[in-house]
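So that you can tell them apart, the chains are marked A, B, C, D, E and F in the order they are listed, and the count of residues begins at 1 in each.
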Amino acid sequence: MPYVNIKITEEAVTNEQKNKLIAGVTSLLQETLGKNPKTTMVIIDEINIDNWGLAGLSVRDYREVLAKQPA
Amino acid sequence: MPYVNIKITEEAVTNEQKNKLIAGVTSLLQETLGKNPKTTMVIIDEINIDNWGLAGLSVRDYREVLAKQPA
Amino acid sequence: MPYVNIKITEEAVTNEQKNKLIAGVTSLLQETLGKNPKTTMVIIDEINIDNWGLAGLSVRDYREVLAKQPA
Amino acid sequence: MPYVNIKITEEAVTNEQKNKLIAGVTSLLQETLGKNPKTTMVIIDEINIDNWGLAGLSVRDYREVLAKQPA
Amino acid sequence: MPYVNIKITEEAVTNEQKNKLIAGVTSLLQETLGKNPKTTMVIIDEINIDNWGLAGLSVRDYREVLAKQPA
Amino acid sequence: MPYVNIKITEEAVTNEQKNKLIAGVTSLLQETLGKNPKTTMVIIDEINIDNWGLAGLSVRDYREVLAKQPA
């Protein structure tokens, strides 16, 4: 019965990777809480990096700031 | 005042069908709880079948498994 | 396969009313899009009226403003 | 630590406007609750006007009704 | 940067189990997509079984129907 | 027409603070995108610190780790 929503940045995520996320989180819920995979629903949202913000910046700008910081 | 989010698979849903969902759920809330349609908000998300998982599989793979099962 | 999230204000909604919402939206999706009730998931969130805002006010204050307006 | 999801209609919103929303809501949470901008996450969803309903109508139809009403 | 929302039924889930879900999904995202655990956010919602519907029934009623079915 | 969902940790947030968040985000959307406050909906979810994860830990454990780090 669980419902899981995974939001990730829209960056060429392959179907294989999506399948891994779906299978992985379904198994995690089965192992941890004994949830039935047959009624475990997973939805993956891919979000444009201009539509996602962290530390007051869009991810695009946030990464630019990070890139300029000394290693 | 209700807010309703309907997630369905992205499969050529027509505007007419969307309007039916919006009108239908708005009436349901009015009849069941006396909610005011004017402040009833409905958002429909259409999700790619590779981004939706059930029983540990993407909907694409889930349907392939179903198709192979004896009728 | 649909997923529906219904958010309503937390105001003594009965289980009977919740069942009506669950059954009603499941039938609506079956009639409108031919969706299988067995994999239609509905979640109802009941939100405190101080945690819900409209027109820049909490629902509590919004209703007070409405109540003061001439009929 | 806050998570904010802003849903707006999909109507040519610029990156500059999105940045303003991200920065603005992050500051609001810092000023109001002392939340750390570094762990404040904001996601903006842009919704097609045929996928958004109000008063039982899609936003497209809702606006047509409004436009026909006497000023 | 991922955001994960896990909705489960409200049935005495322990903090240990919640920690396992948080750690598990964070590792899954790191292994599958190389996501940074430091900015991976997970929120677990526990939903009352009268507020969760499947197959047109609340989970409470759904389980009663299942229990009456021949093994 | 915007819909905003703000998730914060459940830590004695006052109604006054909630009102500030509701009013603040409504004004932000009006100033930034010209959105009509009357149809701007805001929902605030308060999440238990054991139900919120960051860096693979619950917020409770995350804060304990932070507290042990040299200033």
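Heads up, the rule we're going with is that a residue touches a chain if its C-beta (ideal position, glycine included) is under 8 Å from a C-beta of that chain, and two chains touch if they have at least 3 such contacts.
In UniProt terms the chains read A, B, C, D, E, F = Tautomerase.
No experiment lies behind these values; they were computed from the predicted model shown.
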Open item on the list: If more than half of the interface residue numbers appear on both sides, call it same; otherwise different. Which is it for chain D and chain F?
Closed with: same
Open item on the list: If I average the CA coordinates per chain, which chain comes out farthest from chain D?
Closed with: E
- [ ] By the contact definition above, name the pair with the higher C-beta contact count: A-D or B-C.
- [x] B-C
Task: chain D and chain E: spacing of chain centres that average the CA atoms, whole Å - done: 27
Task: Inter-chain centre distance, chain A versus chain B - centres from mean C-alpha coordinates, in Å - done: 21
TODO: Mind pulling the residue numbers of chain D that touch at least two other chains?
DONE: 1, 3, 7, 21, 39, 41, 43, 52, 54
- [ ] Just say which it is for the chain contacts: an open line, a closed ring, a star, complete, or other.
- [x] other
Task: In contact (per the touch rule at the top): chain pairs - done: A-B, A-C, A-D, A-E, B-C, B-D, B-F, C-E, C-F, D-E, D-F, E-F
Open item on the list: Please output the residues of chain C touching chain F within their complex, sorted ascending.
Closed with: 7, 47, 50-58, 60-61
Task: Contact set on chain A toward chain E in their complex - done: 1-9, 13, 17, 20-21, 24-25, 28-29, 32-33, 35, 39, 52, 54, 59
TODO: Would you pull the chain D residues touching chain E in the complex into a rising list?
DONE: 1, 3, 39, 41, 43
TODO: Enumerate the contact residues on chain B facing chain D in the complex.
DONE: 15, 18-19, 21-23, 26-27, 37-38, 40-46
